[in-house]
C-alpha cells in the first residue's frame, strides 16, 4: 500500500533560484512532489532542502537518478546531498544495556509496523535482554566490555555491523561511551538518548543531580553521537513536570517515559529522513 | 531595520509543476525567497502555498505585482491568492466586554513592538475598559447592546470599521454573538477566543461544565468566526492541567492564562499571514 | 526492599476534627505516616482522605485493622472506606482487541517491576495477541463476540475473573462495549482508555472526527467504566499538538503514544490507591 | 467575599504524631481546616507542613495566636514556622529594567484583582517604564546604577523598601545583580525570573547560547535569589518547543511568553504561602 517515493536532502550555499532549479528538474521528469521543505540558516546563509516525490510516473529510473542529479544539480551548486527510496528498508542495530523501557517501546513500533525498518541485531554489554530478543527472533550479540577489551570488542562490533549491512545505530540506554574510532564509522548515524534536557545535567547521574538541584521539570534529549560526549546535534527533546514529592527513584520512573518517547520520535524522524545536520545542530523538517 | 518583503498565499487544485512555476517567476524577477511552505490536502488534492521574498532587488514594483502575477500565474491555474507587503501595517480593531486579561496581553505586545500592527479602535458593549484605552490613547467606542438595538449597533460598528479602514477584528473575550450579516463583512477576518478546547464545551459556561464533568485538562481555542457559533476554522489551541482541587473560579483563573496566550498566538500567526482557510479548517504555515 | 504500608481511603461528610481523629488513631498505635492527603469538595462539603503509614512498628495486626477502624472511626462518622496493604499484590486482568501499543506499554512496566501487580489473564475477542501472551507465559483467553453470544460470553468472562480472583480490569483498547450487567460487577474497577480528550469526540472514530474538525490538539482520556459509554469518572488525560500536515493515519499514530501513556498513568494511580470516585468525578491524590 | 483564614507553615525533624498534634490544636479551638498539606523529605527526615483554616469561629484571636502556637507546638518540636492571615495584604515591590512583558503581565493580574497584594513601588535602573507606572498611579523610583554607585544605591533602595513596609520583591527582568548585602535583607523574599531552564544556560545571554547549542526546547525558571547567581531555590519552571526555524530573536520572543507566565505563577504561589524553602530547594504545596 506504501507508495514508492524518493527523498532528496540537499545543503549548499544559498542563492536565488535554488528551489526553482530543483523543482524544475523534478517537474521536467514528471515527478509529483509529495512534500517540500526548505530552510535558510541566516548566520552563514546556508540552504537546506528536503523534497519527496512519487516514483510512479517519474521518468528517470532509480538506478540512474543519482547520476542525473549529480550532472544537473549537485555539481553546479556545490551541493551536499543524500538520496533515499522509501521502498528500501533501512537496517537499524539496537544497542542496549540493562534497562528495558526503550527496547520495549521500539519493539512495540517495530512489530506493529509503525516503522518501515529492519532490526537485524541487538547488541549488548550484558545478557539481560538476551531472552527478550530470542522471544522475538531477533539475533542477540553479547559483547562484554572492560577497559582492556573495549577496543577489540568495538572492532568486532564494527565487523558485525558491516556484515549485517547496518545503516544506523540506536543506543537505547546503552551505558557505554563509544570511542571516537567507532563513532567515525557512523557519522550522524548513531542516535543516543540522554536522560536529561541537555545541556543541563550532561554526564553521569542526571536524575540524582536534578533531585539535588530541585528542578521542577526533568527531560530527555535524543542526539546524534559525536566525539564529544553529550554534545552532539540534538534531534528531539521533551520534558515532564516533577515536584518536591518525587524521590530520585520517582524521577527515574518518570524519566523513563520521556526517554522512550523522545528516542522513538528521533528514530521516526531519522527513518523519514527529516533530519539534516549542520555543524552541531539539526534541521528537522517536520 | 525590518526588511521589506512580499508574502504570497495561494491555493488551487494540485498538479505537477506548481512550485516550479511560481518559484521560476520569482527567480526570473530576482526575488530572493526568505521562506517557502507548501501543503497538499490529500482528500481533495488541493494545493496550498506560502512564499515570502525580499523586495529589495525584485524587479517588479509593488504597484504592478498583482497584475503581473495574475497574468503569469493566477489565471492559468485557477489560483485563489492573497498578496501582502510587510512594510504595510495592518489595522486591527479589538472588541472587548468586561474581562481584561486578553486586552492586557495584546497591549503588552502592541506597545513593545512585538507586532507590526495598528490598533485604531477598541469597541465594547461596556464602558469597563474606557479608562484603560484612554491611558494608552487608543480611541474607545461604546456600543451598548440589547436584542432591540443589536442590528442598528452592528451597522454603526461596520460603518466605523470602514471609516477606520480596519483590516481585521479580534474578539478579545467579547461576550456578544455577531450576526451573520456582520460576519459576512469580515470573512476569515474575525479572530475569536473560546474558553474551551473545542469541540468540547462549545457554547456557554464552559468552565462550569468542565468542572461538572471532572476533566483533568482545560483549554482554549482561537478560531475565525463563521455563521455557526464556535464552529469556525480553528487557528490555535492550548491546554492546562487541572485537578479535583480546582474550583470553577480556579478553572477560570487558569483558563485566562491559556486564553490570552492562545489568542495572541493566533493574532501573531494571522499578522504573519501564515494562516490559510480551507473549508472549515486552517492550514497554518509555521 | 518494599516497606509494608497500609493505605486508608475515606470519604464522609465534612466536619471539624476529622483529620485529627484519624491521625490520633494512627499515632496512638505507633503508625508512622508516609503520606497524607485530604480534600474537601465544596459544593457538597464532602471530605476525602488518603493516608499511608508504615506497618513495621504499628501495634494493630493487619487482620484486626479493619475491625478496629470500624469501631473507632468508620461507624462514628458515616465513613465510606477502603483499606489496602501494599505487600499484597493486586490482580489485574487485561482486555485487548487488535491493537498492540497499550499492551506493549503495560508489559514493559510489568516485566521491569515498575508495577507491583499480577496479571493472571489476558482476555480478547480476537486471537491477534495470543502469540504475544504466550511469549510471556501469560494465560490468554479468547472470547469471540457477536451480538448473539455477548451475554453468554460475558458470563463466562465473569466466571473466569472470579476464579482468577481478579481485582480490577484494564481495557487496553478493547473495542467492545461492556453490558451494564458486566460493569455492575466491577464498579470503579474497570479502567478504559478513550482515544480523544473527552468530552470531545465521545463515541466512535474520534480521530476521523478530529481530522474533520481541524483541531490543533488531540488527546486521550482514561476513565472508570460506568453504564454510560465514555461518561465515566475521568482519571487522567493528556494531549498532543497536531497540524494540517497530519492525515487521519498520522493522528492515529500520534494518538497511540498518548493513549498508552495515559492508560499506564491511570493504572499507576489506581495501583497506588490514589483515586477516589465521587459522583461522576475522581479525586486523584498525587 | 474573601473568607478570613490563617495559614501556618511549619518545618521540623519528622516524628510520629506531628500532624495529629497540630490538627488537635486547631480542632480544640474550633478551627475549620480548609486545606492541609504535608511532606517528609526522606534523605534527612525533615517534616514540612502547611495548613489553612477559617478564622470565623476560631476561638483564639489573631493577636494571641503566635504566642499560643509557640507555647503549644513550636517550642516542643523545634519547629520553624511562619504564620499568615489572608485578610492582610502583602506588599510587593517590583524591580524592572527595560523590557516590559513581565510588568504588563503583573499589572494585568494586579488590576483585575487576581492577586490580593499591594504594589507600593516600582524600582528601576532605567526611566523606560516611568510613564507606564504613572499611567497606573504606582510610585516609580529611578535608581541609576553604575559600579561606583551600586553600594550606595542599594542602601537607598533598602531604606525606601523599609519605609514602604515592603514584604517581598519581584525582579521582573531586572538586569542587575544584587549584592549579598542586599539579598541578606530579604532572604527567600526576592523572586527572580531567569530566561532559561536552569541549570542549563545559567548566566548571561541564555537565548544566544540556546541558539548556538541547537536545543529543541527553551525555558524559564523562577527562583528565590540567594548569594549565588542563578543558584537559588527553584519555585517554578516552564518550557516551549522551538525549532531550527527560530532565530535568536524568535527565541527571545517565545521566551518572553514563558518568562512572564512562570514569574506570575511563582508570585501566585508565594502570595498563597505555598512555598517552603529547605536548603536550596523548595517544597511547593499546590
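Order as written gives the chain letters A, B, C and D; numbering starts at 1 within each chain.
Everything that follows uses one rule, which is that contacts are C-beta pairs under 8 Å (C-beta built on N, C-alpha and C of every residue); 3 or more make two chains touch, one makes a residue touch a chain.
Please read all numbers here as calculations on a predicted model, not as lab measurements.
**Q** Between chain B and chain C, how many degrees of rotation does a Cα superposition need? Round to steps of 5.
**A** It is a rotation of 180 degrees, to the nearest 5.
**Q** Which chain's centre, taken as the mean of its Cα atoms, is farthest from the centre of chain D?
**A** A
**Q** Residue numbers at the chain A-chain D interface: does the shared fraction exceed half, giving same, or fall under half, giving different?
**A** Mostly the same residues form this interface, as more than half of the numbers used are common to both chains.
**Q** When the C-alpha atoms of chain A and chain D are each averaged to a single point, how far apart are the two points in Å?
**A** The separation of the two C-alpha centroids amounts to 42 Å.
**Q** Please report how many Å separate the Cα centroid of chain A from that of chain B, as a whole number.
**A** Centres of chain A and chain B (C-alpha means) sit 37 Å apart.
**Q** Mark out which residues of chain D touch at least two other chains, giving numbers and ranges.
**A** 245, 286, in rising order.
**Q** Using the touch rule from the top, collect the residues of chain B that touch chain D in their complex.
**A** Residue list for chain B touching chain D: 99-101, 104-105, 107-108, 111-112, 114, 135-136, 245, 253, 256-257, 261, 264, 286.
**Q** Please output the residues of chain C touching chain D within their complex, sorted ascending.
**A** On the chain C side, the touching residues are 16-17, 19-20, 23-24, 26-27, 30-38, 40.
**Q** Hey, which residues of chain A end up touching chain D in the complex?
**A** 39, 41-42, 197-201, 213-217, 219, 233-239, 243-245, 247, 280-284, 286
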